[in-house]
Amino acid sequence: MERIRVTSKGSAVKSILTAFILVTVFIGSIKLVNLDVQKFFERLENVPAVIGRMMVIDLSVIPNALLACLTSLSLAFLTLVVSVIIAMLLSFLAARNITPSNYLANFIKAFFAVIRSVPGLVWGLMVIASLGFGYTSGFIAMLLSSIGYLIKLFTGSIEEVGTDIVEAMRSTGASWFNIVFHGLIPLCITSFFGWITVRFEGDVAESIGLGIIGVGGIGLLLTKAIGAYDYAQTTTILIVICLLMLVLEFSMTKLKTMVKYGESR
Amino acid sequence: MEAVLSIRDLVKVYGKETRALNGISLDFYPGEFIVVIGPSGAGKSTFIRCINRLVDPTEGDIVFDNQHMEKFSGRKLRDQRSKIGMIFQHYNLVSRTNVIKNVLHGQLSNTPLYKSLLGLYSQQDKQEAVELLKKVGLEDQMYKRADALSGGQMQRVGICRALLQRPKILLADEPIASLDPVSANIVMQQLHSISIEKQLTCVVNLHQVDYAKRYASRIIGIKKGEVVFDGSPAQLTDSMVRDIYEGKESQMTLQNKGGAAQAVANEDGKVSGAEQ
Amino acid sequence: ATTAEAESGNGEWPESITLVQMPDENNPTEAATMHTSLKEHISEELGIEVQEFDGGSYAVGIEAMAAGNLDVMLASPMSYYQAKQKAGAELLVTPVVPGGTEYYTDFVTQADNEDINSLEDLKGTNFAFVNAASSSGYLYPKATLVQELDLDPDKIEQSGYFFENVVFSEGHPNSLMGVAMGDYEAAAVAHQVMEMMGESDSFNPDDIKVIGRTSNIPDASYIVRGDLPEDFKKALKDAFVSFENEEYFEALHGDAGTRFEATEADYYDPAIEMLDTINALEDVQE
Amino acid sequence: MKMRSTNQIPIKQGGSSKAIITVSALLAASIFSIYYLKLSFIDMVMGLPNFIMFFFQKFFPANLENIKEYIPLVIDTLGYAVIATYISSIVAFILGILISEHTNKFKPLRVFVRGFISILRNIPFIIWGALLVYIFGIGGIVGVIALILVTVGFLGKSYAESIDEISGDKLEALQANGASYFQILFHGVIPQFVPAWINWTLFSFEINVRASTVIGLVGAGGIGVLIDTNINLFNYGEALTIITVIVCIILVTEYVTNSIRSRIA
Amino acid sequence: MEAVLSIRDLVKVYGKETRALNGISLDFYPGEFIVVIGPSGAGKSTFIRCINRLVDPTEGDIVFDNQHMEKFSGRKLRDQRSKIGMIFQHYNLVSRTNVIKNVLHGQLSNTPLYKSLLGLYSQQDKQEAVELLKKVGLEDQMYKRADALSGGQMQRVGICRALLQRPKILLADEPIASLDPVSANIVMQQLHSISIEKQLTCVVNLHQVDYAKRYASRIIGIKKGEVVFDGSPAQLTDSMVRDIYEGKESQMTLQNKGGAAQAVANEDGKVSGAEQ
């Protein structure tokens, strides 16, 4: 009886080869970095003790924490607003299916890949040496990497949505801006919402890291609590941060569904 | 009369091997209502999409409005395209935007960006959009989101969008594939009467030979990327139709051979019926 | 330092100064409000605006000082030396606790490790420093080893020279936990960190054995940008010394009797000499 | 005709009050933030020349002396990144499926997982680091776990977004065939998901390479942590070399991402 | 004879207001070839999708194969669904997967997961898939990715997928909307002959009244979510057809009134032509 293939000739070989390479790379990496898995399992027994130690809270820090949150949130918010505007424009220039020029697209992608890979401390150093301490510096330091991230996230989404809309609008003679504003933004807006939330969290997290360069806010408070080995305060501050972010996440999800399936107008 | 659109030796090769178009030369004149027929995969969609450069032709000239389409890019290409209306097989509406905005997209190329963003389309455009929507029976759905419409409703929105461009030539890729017969007839008739009224050239891909015969002023048969028929509906004889779709028939299993022949015969029967 | 020179050339006082606190194990969460009182005091005394920030990195602070964006900061001996080289910094005041404080680093190993009981026994062990830029976690313990065991400072990190292997754990707690769990045989951990972690139950002090310690590390001092007018620096020093808010000192230094005292110019010299013995100062050029 | 008399044709129903409220709320929040944080845009512009000068004066020329010593560290970094990317892409894929509406109809679980990965993202790395060290001590395993924590939160969300984008149409056809949940998943969702999966996974590889700074903080090897050390020692030239090495790795990843995506799209 | 599928008082309300189905009661018997016609937006697609629960009905009973469809979920629902083949208006293929795999998806419910993942479908299934593809003339495209096909080709893949399920009842939502007349006829004929051969009940939404009359053993007219006609093709008179599509007509602008009436007349002309 004749054998009927389900995949075209050679594609099975290709898949096996790919799988083989992937597995080899993985095993090779494990060998390379000397992972001691046994130790890992042995020490799992420490988990309850360590977690138990963290299970204390100190309510007295809450007012301070909330105030610091306001600072962090407003910094993150402002960074977000500016970076979303810039990143939106640039990401439409960088998305493969709508870019006016492939060279430009690649340049933008590469440029921000570089920006993303410069560590926070280096930005902090350069910004503070030129601007001095303060929120202005924090804003700039966060802005750059925030834009870098958003561009990556946005272009991903733009490249995923259908080309048929671009086609239809192109055929009306609509300009690039028209296609972007009337076609792609309405289409992508829901996924953009998702990314904006992710980045808002990222910005808040980054503002925590920015304690290093003298930017206050919840991050500094947290760093100090950790430095003082004050578990009660640390846990409390964490709970505040997480609650805040959960509220944010779920309200953005709500907003997103509203836009997606929302009132038909 | 001078041709609005003149196509010479058009070739389109997808990838390395698929020759979707294989040297097509045609002239289209103002006010013609051209229906393109041909078996599935013949290259009809590709042909139509080459005209407004949604697909870049591999070889050949496309002269529209005295200008070489294949040489343009950027602003120039957009200007040319704004003179070419297009209706898509799958509607291609912006699903999250409401109906009237989708229709107004037809005038984007003539509206400054800031105005279109604020929704400040000219009163005339808006009025025309509303009138077009009324014509196709969608005045009640004007503010519904495009994705809440049925297939047929969406298609009619797409037609309004193309007409709002006030084009010199109108391309349509199976515009009535998802319409019920009454809507289909009305749409075809509207296209037809607009074509006569404004001396607008229409190029329409159709699968329904009977509609082609009823509305076309000229029928073009494409098969395997080549023009195999070009003439008036009257010239399109039953044997001609069989010829155009023939390749298909022989592709079918032998077992069905009789059935297929029968089918074509039926088809012709129907066509002549419609002709009465 | 271009702007700084322009400012100080005619001996005019600046309109405002920037004061930066650095991370310090004894900065509690309330420190922000506490520092405000110091800031207000100085501002009143000098009649100019004082801005106060919490910094996190000495390098950032020193570069900011070099660029004229920072005037006063808290510094350790090593950072003072770097700041002097890069930004012409001068010592200003030191908080002095009545009973005196002792900052030093312990050499630790597992409590049940019978083989290691003194610094000599560290030969051939896996050893953890904190970080190549850390004073208490690297420079001081290294200097101690070099001086006491007569080692070549440039070879200490090489595997097989003295230690079997040297790692940088990137944190005092990391070093301590690494030893407690047996990831390293020994490590250098700041004594104060050990005490604080012990108090907070982060580890069991019985797991750890101290086999040696460094000499005392001088207290961190406030340093000031050198190119400010002399009379201004003097006034600034007086402002610090006249600060007597007991709540502040109680909260930050654990003793209400603590006061700022003017720092002698040679206060850090012994420490810096010691750093020189391990060639730590070579890299710091202007 | 009737049209003539109604000379105003709105293009959406219900007026634009909603949009106006949204925009003014955003604007108000931005202005509040600027005021509250005392941001100075003049400073930013004035600081720009210094910023650029600082970079070129301090960081150049790159110090290539020790470049040989970096090779094992680069390999370590890549090894950790590979392992973490593999594991977190598997974990995140499962989580992503549990978050997406298309693939998980059980709302409470969806909400729970969404909250869970939101917490993963929002607890700052220093906390995870401290916890991990207290539990597992120091070493490669901790590094890998740390990286996984950094990545899973982000990747789970990204996967979920992309799965949401895959239209319900195709899934519907398989549903109508009576295919089981997992068959729909493997034959419907996954094939459509491949381009997005490659994009996000390679992006997470990039994140993991960059995160070698943080895994240094839990005592695992890698090159990133040397940037901070060198900056703290004022060895800017060397820091620049390391940054360049990381940038190269990331640019190669970006290039691979783009070329794979355009090939398989 | 016992009904395969028996529908009672089916109601579907979208959102708060859109009553797409308004109380439909019907019985379908083995071997019937039912064509559902009706104006755009009448609820044809909704009706068909309620049968296999792709759309959850708001009210009413659907008894298929003696079991209440509306009560099932999970494994039971899947088993029921595997006995119902469906052909979609927009093909709904997995675009990044090749043609033969798309067809084999029809047998997923009878193939264990691990086997389907490794492509280990039974020889019989594979053979049948290949035969089906040959029947519709796609043997050369077997290993092409589904998104590289023309519209018509994709639709034929969708049909093969449904047939491979060896279903007890076959639902089709405008299966020939994008096919050329010969392919359309062949597809309809295949559906028709399979329906007779295997006593398979087919429920097909169509816009083409002529096709409906030619192939159906029973025609159902739906309008505004209600059954307005149920009878044999012979019973579907011209005035009946006008009636079914009438609402549409009056929706059109007055200006076009004449045209629309004319269109319906034409339609009837065509229909009777096809009847000859």
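Think of it as A, B, C, D and E in the order they're written, each chain with its own count starting at 1.
One rule holds for everything that comes next: a contact is a pair of C-beta atoms (placed from the backbone, for glycine too) under 8 Å apart; a residue touches a chain by one contact, two chains touch by 3 or more.
A quick note: this is a predicted structure, and the numbers were derived from the prediction, not measured.
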Least step count from chain C to chain E, where 1 means the two chains touch: 2
Pair joined by the larger number of C-beta contacts - A-E, A-C: A-C
CA centroid of chain A to CA centroid of chain D, Å: 4
Distance from the mean Cα position of chain E to that of chain D, given in whole angstrom: 44
Intercentroid distance (Cα basis), chain D paired with chain C, Å: 36
Junction residues of chain D, two or more chains touched: 12-13, 50, 54, 130, 134, 136-137, 139, 228, 231
Shared-contact residues (touching 2 or more other chains) in chain E: 90, 101
In chain A, residues with contacts to at least two other chains: 43, 53, 121, 125, 129-132, 134, 223, 265
Complex interface listing, chain E residues touching chain D: 52, 54, 75, 77-86, 88, 90, 92-97, 101, 105-106, 108-109, 113, 116-117, 158, 161, 165, 171
Chain A residues within the chain E interface of the complex: 1, 4-9, 11
Complex contact set, residues of chain A against chain D: 25-26, 28-30, 32-37, 39-40, 43-44, 46-47, 50, 53-54, 70-71, 74-75, 77-78, 81, 96, 106, 109-110, 113-114, 116-119, 121-122, 125-127, 129-132, 134-136, 139-140, 152-153, 156-157, 159-161, 191, 194-195, 198, 201-202, 204-205, 208-209, 219, 222-223, 226, 234, 238, 241-242, 245-246, 249-250, 253, 263, 265
Touching residues on chain E, where the partner in the complex is chain B: 37-41, 45, 89-90, 134-137, 149-153, 174, 177-186, 189-190, 193, 207-210, 214, 245, 248-249, 251-253, 255-256, 259-260, 262-264, 266-267, 269-270, 272-276
Residues on chain D engaged by chain C in the complex (per definition of touch): 50, 54, 58, 130, 133-134, 136-139, 216-219, 225, 228-229, 231-235
